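Could you have a look at this structure, given as structure tokens, before my questions?
A, B, C and D label the chains in the order they appear, each numbered from 1.
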Amino acid sequence: MSTTTDTPPEAFSTDGWMRRFVESTRTAKGRLTALDQEVGDGDFGVNLSTGADSALRRLDAARAATAGGAAAGMDPAAPLEAAATAFLDEVGGTSGPLFGLLFQSLAAAVADAGGATTPALTAGVAEGLAAIRRVGDAAPGDKTLVDALHPAAEALRAAPVGTPPGRALALAADAAWTGVRGTARLRARRGRSSYLGERAEGVPDPGAVGVALLLASAQAVVDDPGDRLG
Amino acid sequence: MAAYFENGDGSLVPDALRGFARTHADLLTLDPDHGFLLARDPAPTRRVGLLSGGGSGHEPLHSGYVGRGMLDAACPGLVFASPHNRQVYEGSLAAARAEGVLHVVKNYTGDRINFGIAAERLAHRGVPCARVLVDDDLATDSADIVAGRRGTGGTVLVEKLLGAAADTGLGLAELQELGTRLAARCRTLAVASAAHTAPTTGRPAFVLDPEELEYGVGIHGERAPKTVPREPLGPLVERMATALLDAVAPAPGSPVIVLVNGLGAVTPLELYAVHAQLCALLDRRGVEPARSLVGEYVTALDMRGFSLTLLAADDRTLRLYDAPVRTAALHW
Amino acid sequence: MAAYFENGDGSLVPDALRGFARTHADLLTLDPDHGFLLARDPAPTRRVGLLSGGGSGHEPLHSGYVGRGMLDAACPGLVFASPHNRQVYEGSLAAARAEGVLHVVKNYTGDRINFGIAAERLAHRGVPCARVLVDDDLATDSADIVAGRRGTGGTVLVEKLLGAAADTGLGLAELQELGTRLAARCRTLAVASAAHTAPTTGRPAFVLDPEELEYGVGIHGERAPKTVPREPLGPLVERMATALLDAVAPAPGSPVIVLVNGLGAVTPLELYAVHAQLCALLDRRGVEPARSLVGEYVTALDMRGFSLTLLAADDRTLRLYDAPVRTAALHW
Amino acid sequence: MSTTTDTPPEAFSTDGWMRRFVESTRTAKGRLTALDQEVGDGDFGVNLSTGADSALRRLDAARAATAGGAAAGMDPAAPLEAAATAFLDEVGGTSGPLFGLLFQSLAAAVADAGGATTPALTAGVAEGLAAIRRVGDAAPGDKTLVDALHPAAEALRAAPVGTPPGRALALAADAAWTGVRGTARLRARRGRSSYLGERAEGVPDPGAVGVALLLASAQAVVDDPGDRLG
């Protein structure tokens, strides 16, 4: 893992982002489990927090290996790579590796941009959405995490050039939460809850909630860079 | 006590993999960390690695097809469960050659997602990867079925033919195009007179009246779209073969490759009797059963049933079929 | 309606023979008058023809072992019924070479009598004929059993090894002596968790409690001398292998040939898991599983069980084992 | 089939023998069936008469093929060969092919001697018995047809040199019938009736009866050479 020297000034801390995300999955675990019990097989809360915990272990190991143990010295793509590997390699269920793909795309975009900038976020979310759709074949309206990720990608794409990351993330997270609320009205066409027919109506999709939490964690770390976990 | 001969601690699949790798140590190795099987001695002429995988319980698919002239690697999941994307990813890295790796994937949601994720990871890593989707199950050929036709018995033919083509040094796109064309020319129908024993309960996965047959059954013990009254073998084979011929529509006088496949507990006597009936019918219809495989090639644990596969062939296909192969389950 | 996939008019065996001969037309022909299978292309070096046979329902035994490097001819009877002496006689005339014909006979009264009568006819006709009796079933090794041990799984090993020896040009007496020695060094034990389906009734030939195993079962669905409580695979394999090792008594550090054989409805997963357990035990005991066959080689219709065979080998035996073979069921 | 030119004067007609045997199996069929119903599976009567009928067809075909259609012109071994092939090739069950072996040995001995002489009978019965024992592994006392054939072979062997066939056959048939009566006291150790244990006691062995009928048919044809069937 190489250390970077020329992080763009407007970039925010991906290490902080990932740590904030871990924290919020811990808080939300019970609620996510309950949601997946209603529309799936009840393991989504465990799947998401397994991935997040493993990502945290990998982050800590990476930081320990970095000179001085400081987050500031790390490659900004490394925390996202760590999360990608954790979710891809260690999480079962459908959603785990799909989140892994999203992290992988974000990592690649951040690496290209040299940091977590608005263009990097825009490219990473778009490419992550594309990968998830190639793999899982879900369209918007199928009541999956695509219903949160797709509007977020649209919001980022529509943001004017030069939008700072805090503002871009606020737009993306808002769009994602709106998407989440929309899934409650949908009947599932992909994944496990498609077998439930109208029984799943009225309940939002847990995977979509997970995506919104991820974007909200980024927004929170930009707004409050004094990373309590760092 | 479990209905299967096992230790009852979830070790059946790992035990079987160890036993398999030890038995066929001349052909392949088992990767201890990621649980994929890798051919020891693939043809040096290959420019693309060939990998497949899927749930266990379908043996000899896919492990039995790893070796010279067929698969470079196989990724077995747990019983009737998709392999993990990491297993596929690591297997693909090991199997990939100069021009990348081709995945042969049976059309099941879990397999599609896990192979798809592995493919995304390979792309991220810069390893070229393409997919041939096998969806030969005629029983699931319906506009209502959004997921499309399932992949079943035809997989073994597609893997054999692609293996021979890969040995001739074809590139990734050419192999993908060939495999897709082969899969399109291939249809399968399966019937069962008794379900497999569910490993978790030790009881039949579904119960059939002795006077009934499950017509169009899948390889995971899903019930078929319809249940038909039992009938003697001649009429049954005629009904199945007629449907397959309609779907595959071989040109008059042209050759087909035939697979008569046992799903688990059906005896060789029955399978060869099926083959005799099928050939008699093809002879009457002026279709040439140019090559035949009869035996257990794609199973569903101990299901009592069989499948018929027809693949419309041409001279090139037959040459690929005849090319040498040396695996645990196919050898010529 | 019959439980088996058949026409229900007694045509299962003849249908299967036609289907088999058509599928493997490159290897063998079916004599239409006398119902024996004859290898197309035996080694020109053979001075003695090799013939075996017995009831149907044990496939691939014996038809699957006709071809280069193994049997010159096989005589299948009806299901679980001895072939007719005329079938054996005519098959022997067709298979005999300059120095005659060797019969490999499993020790069952009906087979002994019918092969014996054929041998008398051959002698009358001036064709030299000798017999190797295979009696490897450890479960019937008892002074009380006048008929002696039954012949079961070990037959396939004896046939493979004798085939290779015949290809080296051995004479009739030498082959008989070798075969008798091989049979003496070979023992088999079989267990079943469920009987085969009786073709006449469509019901299990006997009924077992799910918590029981038939220990020492034969290949015709005869019940075993004892019924034991089910136990996990490890202890079961240990119990069987220990009995076999005591009987075969390989010299410390010496090689054995191992056969893990499915009796019909047991899955490859289970057979390979058995093999892994068996090898672990042999490793501990300092016995080398130098060669292994794992699969269905000698079956009892759709019986849910498996057998273990050990054959104490030496360098010569291993060389014979490794010699090329090209039959429907064994090929290397 | 060659015609013979130098049949020994003391030889009797094998053609007549076989025809007489066919006749007596027809007469006995019902009784033999009943016996095998008591000690076996009830098919012995059918098995024996199937073989005899097929032998007769073969005999007729052979005679038709011979110049003039006369039995006298035939090879004396030919009727026995015809019976051998009929029983070996066309009869199921255990006893059919065993009778075939006996006919085969008789045919060989008659061919060697040039006719059905006492030495030929003695050799043929002895060799037939040996073949049956090699194949079926039954010893005297096992309650099988060996219990009729073995004493007959002993009687022939003990007959002084020069005993004419009629006398030799009378001795052999007597010994066979004595053997048959003895089987009623035995418990079977071979063949199907061995599974019945003491249930088969008191009933004579049907196969042994068949052997006695065969020898008695020969004796009858020597005593009454005007073969009514010929």
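Following the convention adopted for this analysis, contacts are C-beta pairs under 8 Å (C-beta built on N, C-alpha and C of every residue); 3 or more make two chains touch, one makes a residue touch a chain.
The model shown is predicted, which means the values in this text are computed figures rather than measured ones.
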item	value
Centroid-based (C-alpha) most distant chain relative to chain D	A
Approximate Å spacing (C-alpha centroids) for the pair chain B, chain C	29
Whole-Å gap between the CA centroids of chain A and chain D	95
Inter-centroid spacing, chain D versus chain B (mean Cα positions, whole Å)	61
Multi-partner residues of chain A (each touching 2 or more other chains)	none
Category of the chain touch graph - line, ring, star, complete, other	line
Pairwise chain contacts under the document criterion	A-B, B-C, C-D
In the complex with chain B, residue positions of chain C that touch it	1, 3-9, 11-13, 15-20, 22-23, 56-57, 59-60, 64, 79, 193, 202, 210-211, 230-234, 236, 264-277, 279, 292, 294, 296, 299, 301-302, 304, 306, 331-332
Contact footprint of chain B on chain A as seen in their complex	88-89, 92, 94, 97-98, 100-101, 104, 108, 131, 134-137, 189
List of chain B residues in touch with chain A within their complex	84-86, 89, 112-114, 116-117, 119-121, 124, 146
